[in-house]
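Below you'll find the structures, each written out as structure tokens.
Look for subunit A in each of the two complexes below; its partner is subunit B in the first and subunit C in the second.
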Partner chain A sequence: MLNQIGNYSLYIALLSSILIIIQSPILLNTNNINVSGRIFSLISIQSLMIIISFIALITAFIISDFSNETVFNNSHTSKPLFYKISGTWGNHEGSLLLWLLVLSIFLFIFTITSKNLSNKYRILTLFFQEIIILGFLLFILLTSNPFMNLFPVPKEGTGLNPILQDPALAIHPPILYLGYVGTSIIFSSSLAALISGSVNKTWAKHIKNWVLISWIFLSIGILLGSIWAYYELGWGGFWFWDPVENVSLMPWFCLTALFHTILILEKREIFHSWAVILSITTFSLSMSGTFLVRSGILNSIHTFANDPSRGVFILCFLFILITLSIFIYFIYQNKIKNNFIKTFIVSKETAVLVNNLFMMFFLSVVLIGTIYPIFLEVVNNDKISVGPPFYHKLIVPFMIPFLIFMAIGPNLNWIKDKIDKINLQQLLFFILSIIISFIFLKRVGISYLFSLPLFIASIFLFLITIKDFSVKKTNLSQKISHFGFSLFILSILVNGVLAKEYSSNMKVGDERKFLNKTIKFESLEVNESKNYQSLEANFKISDKNNSINLKPEVRVYDQPQTITSEADIKSTLYSDNFLVFNILKNDGFYNVRYQIKPFMIWIWISVILISFGGVLSIVKKND
Partner chain B sequence: MKIKFFFFTFIYLLSFFNFSYADNSEKVDQISKNLRCLICQGQSVYDSQSDFALSMKILIQNKIDEGKNDEQIYNFLKSKYGEWIVYDPEINKNTLLLWVLPLILFVFGGILIFRKVSIK
Partner chain C sequence: MIKNIKLIALVFLIIISFFILLKGLNKTNNYSPNLNSSNIDFNFKAKFLYSNEETTLNELINDKDFSLINIWASWCLPCRDEHPYLLNLNSLGKLNIIGINYKDSEVNAKKFIKEFGNPYSKIVVDPTGVNSIELGAYGVPETLLINNKTQTILKKYIGPLDNEKFAELKKIIKNEN
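Take a look at the complex of A and B:
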């Protein structure tokens, strides 16, 4: 029954999509309000249908309707309700339906919030957005239908991958998708603006909110994924330059560059073409991300779909979209206003260009690092791995000038700033950061090649962004985001330099000395939970003054049979105590890994600050 | 060279008397962080608790005890498992573009910007 509802509503949505695509070119030149009304009702019907099909799938998961193949493959009656619901998008078919849902809801929101803009621009945006929706609908119905019937109806499902049964990971995909899909609106509207010759201030003002919304959701989505990786994967890191992580980072770089460019476009009416190119690139990267993750080409924890036909479909779809947009760009680029005057070398405009240059560089490092191995394997069958050392080597040296530029740039004036006046205050801060870094690194005893300049640059940025709060020139949202970013880099650096780790094989009752602390394996007990058994260990970490107890778990899930280890983390403002243990083959011994991670919590807080700046910017503008 | 050789043999012999997992495990950690766990999905040997990773760590430990340096160990592993195992691809004709392309793009972009700005 639910399967039928889901299927039929998807077909109706498909029909509305085709109708809109056919009708919109005809409507382009009429200003008839009735016709736009008809398109509006088609969009409403489409969104409603997709919402219904999504609700049908969620319901099937909640009531464990195993006549649905997706539910059968990814759920189990013993699962807690929360994970039954999140199981809806914890699989290939469901996650695509979620993509589609967000696509159509965003389009609906776009339609009702763009009423004061030109008819041509709106209809063209709808047209391109509908092409994307149509592509996804066909993809879902042809290769990954979440409403496949299963007969005879099985009594029990096969369960959701236990590693995905986690609160952060339950909301991570929807948040990330909001970011990804938001870029589709940017893409469609930039093509529409290009064709209708309205790449200008008004467009910049309008699309800025969408850029911010996507950027905020993408940031939070990436953050949630990192937090999850930190406590669930059991190695105490939050970023591994895993291909799937990279794939979410690439549109982020692009969006960040785009946002800064859009600001300039809005204020000064320059960089029109570049803004359009960035808009197209951002969406292409989001789509490629989906393709790379879903096709199973990447070797990663996240790939839960390994069906080549799906990969081929997305690849073709992606190819069509990109080719289409390149064609449109070259045909209509002469419509773009070209009132470009050379900007002065010391000005806010140049600062934004420099920001873009660095963003594009980081993007290219991540992009090339991610796809090069795939490429190489196809070309001459050589398998290479590109991991953290590669990214660090290429990104870290460029981080140093980037941070310094970031400190200076926002304080420059529009159009032209003084070049000869040496800013005494900044110089003072710079000297101060040299002294602080030097003393700090000396005390810690670190002397890597790049550590000193890197610390100087990030402390400099940190000091300047704090000082900037007292300056009235820039707006508050920018100050918060930039301060958040400086805090982010600084926390990562301090965390990286001061983190301590101890690993040993222990059995119950064992005691180990580590630094000035004693780690005692006090007890081990077996607990029964609804859908797993757990081994809960109790460790006492004590030094002279105080002691804490850490209780990591090893969980044995029965559906499907999987062992996961749950780290126990005690966070304070200064540092995290992280302990995880694993079962070893030899009897009685467990591998114990204890980590002290200073300023860990500030990494999360700073990302929230960065995003909060974005939120503030949206809220403030609507006042 | 000779001194080095004696030094390593000394350490090697010492390791017989004082063998435990914790010894120079920092070195093992450092190396295993740069190695891919071949049977896992996107995890390093260091992070993984799979049989492969565990035996790998023991292997590295043994190699260190034998007195092999980092480079020798990486080379040994590369010859045994291929380039795929190391996360830090070396620069050769296959990977030249990987390393250089981002830098070229940066320079290219820089020139582009420089042409867009005026100094006067």
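Take a look at the complex of A and C:
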């Protein structure tokens, strides 16, 4: 029953999509309100149908309807309810349906919030958005239908990957998708604005919200992914430069650049073409991300599907969209106003340009690191592995000028500023940060070439962003985001420099000394849970003044059978105590890994601050 | 004119990327176990971890029916997770487990073995990573099951061994005997 409901509603959605695409070019030049009314109702029907099909799938997961193939493959009656629901998008088919759901809901929101804009612009945006929706609908219906029937109906499902049973990961894909899909609206609307010749202040003002929304969701999505990696994978790191992580980072760089450009476009009416190019690029990167993750072309610890025919479909669709947008860009390029407003080198405009340059540089590094190995292997059969050292070597040195620019840039004036504005106060802060970094690094005893300038630059940025809270000129949301960013960089640096690790084989009752602490393996007990068995260890970490207990687990899941190590992490404002243990042999010894990670929690907090700045900016503007 | 050149260049670039990616997609299968790829060169030279002698992989894989080549490093955290499986496999006695120590320092590698136990019959070092790449490795850890008589790769595991892979390995060894 549910399968039929889901299937038919998807077909109705497909039909409305085709109707809208056929009708919209005809309606471009009319200002008839009835006409837009008709398209509007078609969009409402479409959204409703997609929502119904999504609810059908969720319901199938909740009631464990194993006549549905997707449910059979990815669920099990013994899963907790929360993970049954999150299982809906924890697999290939369901996650595409979620993409589609978000696409249509966003389009619906766009339609009702853009009423005061020109008819031509709106209809064109709908047209491009419907092309994307049509592509996804066809993709789902032809290659990955989540509503396939199974007969005879199996009694039990084959389970959900236990490593995906984590609250952060359960909400991570939907949030990330909200960010990805938001970029589709930016893409459609920039093409629409390009064709209708309305790349201007009004457009910038309208699209700014969408840029911000996508940016916020993308930031939070990436954050949740990192948190999941940190708590669940049990390796003690939070970013691995894994291709799947990289593909979410690339649109983020692009969106950050786009947001700053849009601000300038809104205030000063320059950078029109650049804004359009960035909009197209952002969406292309989001789509490529989906392609790379979904097609299995990457070989990564978290690639999902491995089905070439699906890959071919997304690849063709992706390239049709990109080629289409490039042709549209070149044909309508002349319609873009070319404002040559005289600006001077020392000005806010230049500062944003510099920001964009850096973002593009970081983007290229990540892009090359992700794509080049694939290309090289196909063309030349050579295999190279690109790991963290590549990114660190290329990104770290350029962080130094970037951070310094970020400290100075936002305080510059529009159009022209005096050079001697880089004034005594900033100089003072700079000298202060040199002293702080020097003393700090001396005490820690690190003498890596870039660490001193890197610390100086980040402490400088940190001090300046704090000072900026006392200046009235710039807005609060910017201050919060920039402060968040400086805190983010600083926490990562301090964390990297001060982290300590201890690893040893221990059995119950053993005691080890590490730094000034004592690690005691106190006890071990076996617990039964709903869908797994666990070995829970109890460790006592104590120093002179206080002691904490850490209780890491090793879980043995039954469906499918998998062993996972759950680290126990105690976070304080100053540092995280991270402890994980593994079963070694059967002679009572366990491998114990204990890590002290200073300022770990500040990495999460700072990303939340960065995103909060964006939220504030949206809320404030709507006043 | 300049505009056209730009457009042509861009479209050209896109078409090239399209075909490369398309080819890459069809190639995906090679990543997973490829039973026919016997054309891997086992003849490269490498040094032992515990002595300074040089050897070739060919010499190493002659002992038993099967060899298991495991590429590992002390800095690789997932390698620690898979280590118990290797110890376990070694205790079966039917496998000749060869470790390739990938881009590692000698001291750390020895420390790792001392701490976690040694499942390997021989360990060779690959300080530059070139040998491992020639074996088709994507990163560490990676494990190759080799039939010594035919010198073919029976199975290739990218990433750490887990319960599922362990069971599969055991099954293969049993069946082929």
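Keep in mind that, in the parts below, the second predicted complex is superposed on the first by the 618 of 623 C-alpha atoms of A that agree within 3 Å, B and C clash if a C-alpha of one lies under 4 Å from a C-alpha of the other, contacts with A are read in each partner's own complex, and residues count from 1 in each chain.
Methods note: a contact is a pair of C-beta atoms (placed from the backbone, for glycine too) under 8 Å apart; a residue touches a chain by one contact, two chains touch by 3 or more.
All values reported here derive from a predicted model rather than from experimental measurement.
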**Study point:** Superposition on subunit A - do subunit B and subunit C clash or fit
**Key:** clash
**Study point:** Which of subunit B and subunit C A:F330 touches, first, second, both or neither
**Key:** second
Check your understanding: Of the partners subunit B and subunit C, which touch A:F390 in the superposed model: first, second, both, neither?
Key -> first
Check your understanding: Who does A:K530 touch here: subunit B (first), subunit C (second), both, or neither?
Key -> neither
Check your understanding: So, A:K472: does it touch subunit B (first), subunit C (second), both, or neither?
Key -> neither
Exercise for review: Examine A:V378 and indicate which partner it touches, taking first as subunit B and second as subunit C; both and neither are also allowed.
Suggested key: second
Exercise for review: Could you say whether A:G311 touches subunit B, subunit C, both of them, or neither, answering first, second, both or neither?
Suggested key: second
Exercise for review: Name the contact category of A:K544: first (subunit B only), second (subunit C only), both, or neither.
Suggested key: neither
Exercise for review: For A:F319, decide between first (touching subunit B), second (touching subunit C), both and neither.
Suggested key: second
Point to revise | Residues of subunit A contacting subunit B in one complex and subunit C in the other | key: 235, 237, 299, 301, 383-385, 387, 503-505, 565, 582, 584-585, 591
Study note, to complete from the structure: Within their complex, subunit A touches subunit C through residues 235-237, 291, 295-297, 299, 301, 306, 308, 311-312, 315, 319, 322-323, 326-327, 330, 333, 374-375, 377-379, 383-385, 387, 503-505, 560-563, 565, 582-585, 591, 593
Revision key, fill the gap. Interface with subunit B, subunit A side, in the complex: residues 233-235, 237, 240, 242-244, 298-301, 303, 340, 342-345, 350, 353-354, 357, 360-361, 364-365, 368-369, 372, 376, 380, 382-390, 393-394, 398, 501, 503-505, 565, 582, 584-585, 591
Check your understanding: So in the complex, which bits of subunit C are touching subunit A?
Key -> 3, 6-7, 10-11, 14, 17-18, 20-29, 31-32, 77-78, 80-81, 83-84, 87-88, 115-117, 129, 133, 136-139, 158-159, 162-164
Study note, to complete from the structure: The subunit B residues in contact with subunit A across the complex are 21-22, 25, 29, 33-34, 36, 41-44, 46-47, 49, 51, 54, 82-89, 94-95, 97-99, 101-103, 105-106, 109-110, 113, 116-119
